[in-house]
């Protein structure tokens, strides 16, 4: 457990330090160092969990098993690579005057605060603390969305705050109902919100209260995942904030919210098993996921801002993953876990390149960014390969996970497969229609190359390629363990 | 009748719950900004009083701490912060009128009936004296959302948001013996930070678009 | 029922009619004192009525029969309403017909004829007053009926005597449904009887009149009857409000001592109610006409809230 406490305390210490010195050159370096230390400690913890099985703290408030340990490592990893990217990027922003030193301090402190709340949400066993951490994640990122203080960014931040706040309030109501449903199990009062205790006695949970609770929780946490029709804040928040924020929001926060949903789905399935509405949770998730997937794919075509384009792509992929978790069969769950990982990696890589692209062109409007390959081949190719990866081209990892999902759908819900395929094609068309001129068009006069940090992009895309070609044994075993946990039976 | 046979403090619990809902209705229709903030503080006061009475009735001492937390946050701190903003931006005489208050009140009435209907199966499962209050607390949450949606001024929207939290807290008291202490403290901390962040936000809003009217924020839309 | 009972009932009606101008005078006296003015004597309304009764009646050339019989109809309907209102005692021969909805019907009857009479001559002000009166009552009636439903649900009957006895027997002051219904009813009283903030009873500006506009054409004894009817209406509503929501002290028999006690208690409560009305009228300003529907919708929502409180909280 000490490794977990270390992973959680590092960002806390970083908040305090960076709140004081975040504006200096050393601030960004400190940010990077703390993120690296967090990554190392989370990797060590992952090894421990792989060897010894689930870890649980003495008072039961923290619980790390196969499902959330890989998400913890993923969060620390993407946090680290984005910190690597953010160091020169934010220095550049400071130079060109889009930021002031106090705001840079706020940025660094909130970055670590955001990481802390996400790590807390992932590792806590207490469903009430999960809620507190999710709300904390909203609070720590809202001031970052409006960092540039333009009217558009303030509007985006206000929308984010209010919509996510209202959504999360529904989730709190659901948590209260869950607590009430748990009162029918004979547990001491403080333990009635502990997930591992609840899942052990899930069949004793009161079914009526549990089903209503799940609906509220789905609406609440689903707002943070970006499920249609609760997604309105997502394109604005992801496009108006600084690029490292977009990368972390898209890559990490959506995953954490979906993780919360899956944990709750496990409880609901246990509570409703054997009743007439046994598959309620799964069907709801499938419905919302499918609607999000299709709607986002259609909206992709209308976008005129490059970051909004990719945030709709995030909504689409999260819809797909929600659909996969809703299916509930081991094949689909394995695919969903893989998809969560590759989507995180690819999306954050894309946002890094997009950040550089908008810096080169001086704007985020799609029609004004042209000819990146001619101006700066590294950025252009990075964007092109990243888009290909996220659209589902083989041999990238996204293709593998989508293939697994399509196989599972064909086995259990064959008439939904055409819908999925059509959605994938529509999204593919939308992305390439927009990105092709961005990469290959004629560059406007005076567009010059800028100093860039493309290490994160290279590392992420290489990882995604590796995962697409040949998933390493330990990772496959890891996913299998998680699948076994979630659905009761494994794949391998 | 059953109500008349309850002990006095239990009758008062139910009466105060109804009054809390009534205050939500008033907040919905009242045009004056400062009055809305005061009504919100009054709602928090009734909520704290109800919690203390439930603590006494059900013999659950940790609810006294929850009542004290509500008092500190919702009755003292948040209204103080909001009034400070009002004075800072000179909004004492600001009106945030709703377009058609008559229709809104009818909608609120319909919402109360809807909430009662939705929570009835759960309320029937609980044996506490306050089990019917679940419908009322959900109605307070939905009315907070209505306030959020129908108002144009940022400060009134914040009051709607905080009033939603009031309703949620009330729901916890209604069917359970309040959430575990650590969760209560976490939620209170979140509300505190949210209030502070809202305050900071108002300053940014005023600097950037020189008004606190959210209707002026409409640059970002799908129709570009 | 015994002849003594009928005599007591008759006495109640006479007492109501006799006290109505005094109640109006009491409120006016309080308002003047609150506004730091020299008030007219308490019996001034009686003097006004006597003056009006002794004056000659004039009416327009194109006035119809309706115009001439309306004052009798209106006063008659309201006296009938007074006859079925439990005033001092609940032990009345008319107890069987003391239905809240019937009472609402009597007032509606009176209002319809008054509105028709207002339009009868064909002047602009009369028509304006009538249309305003009907608009306000269109919003006030649902609120009033919702209040009646609430108290009927509490007592499981619409009979006022049953309602009063049930509420008195329960000895409970904390029923939220009754609080809400009382608050809604107070707002309805203000609207129906034409008090501030809905209508100014002392105004002489025709454009702001509602009730006064309808009686502009009347003179002499007709005007006296309509004025008495208006004062009686206010007194009856006040008695209803007091006896339904605060019935303790009402007599349960027709023994003279009990009746005197009942009269004493009702008198004190009426005086306090008059004070409440006077305070309201002094501290609030008259609302603009298009805001009156919102005011009455709030009254309706309050009464609806009362009924919902009853269903949700009190009837488990």
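To keep things simple, chains are lettered A, B and C as they appear, and every chain counts its residues starting from 1.
The definition used in the following text is that contacts are C-beta pairs under 8 Å (C-beta built on N, C-alpha and C of every residue); 3 or more make two chains touch, one makes a residue touch a chain.
Note that the structure is a prediction, hence the values are computed from the model and not measured.
A.B. asks: Based on mean C-alpha positions, which chain is nearest the centroid of every protein C-alpha shown?
C.D. replies: B
A.B. asks: Please identify the chain with the largest separation between its CA centroid and the CA centroid of chain B.
C.D. replies: The chain farthest from chain B, judged by C-alpha centres, is C.
A.B. asks: Report, in whole Å, the distance between the mean C-alpha point of chain B and the mean C-alpha point of chain C.
C.D. replies: 37
A.B. asks: Take the average of all CA coordinates in chain A, do the same for chain B, and state the distance between these two points in whole angstrom.
C.D. replies: The answer is 31 Å.
A.B. asks: I'd like the Å distance between the centres of chain A and chain C, where a centre is the mean of that chain's Cα atoms.
C.D. replies: Whole-Å distance between the two chain centres: 66.
A.B. asks: Which chain A residues qualify as touching chain B in the complex?
C.D. replies: Interface residues on chain A, with respect to chain B: 61, 126, 128-129, 131-132, 135-136, 139, 142-143, 146, 149-152, 154-159, 161-162, 165-166, 169, 172-173, 175-177, 179-180, 183, 189-190, 192-193, 206, 208-209, 212, 236, 240, 299, 302, 304.
A.B. asks: Going by the contact rule at the top, pick out the chain C residues touching chain B in the complex.
C.D. replies: 154, 170-172, 174-177, 179-180, 293-294, 297-298, 300-302, 304-305, 308-309, 311-316
A.B. asks: If you look only at chain B, which of its residues touch chain C in the complex?
C.D. replies: Within the complex, chain B touches chain C at residues 1-4, 8, 11-12, 14-15, 17-19, 21-22, 25, 29, 101-102, 105-106, 108-109, 112-113, 116, 132-133, 135-136.
A.B. asks: Spell out the part of chain B that touches chain A in their complex, as residue ranges.
C.D. replies: 118, 121-122, 125-126, 138, 141, 145, 148, 154, 157, 161, 164-165, 168, 171-172, 175-177, 179-183, 186-187, 189-190, 193-194, 197-198, 200-201, 204-205, 207-209, 214, 217-220, 222, 224
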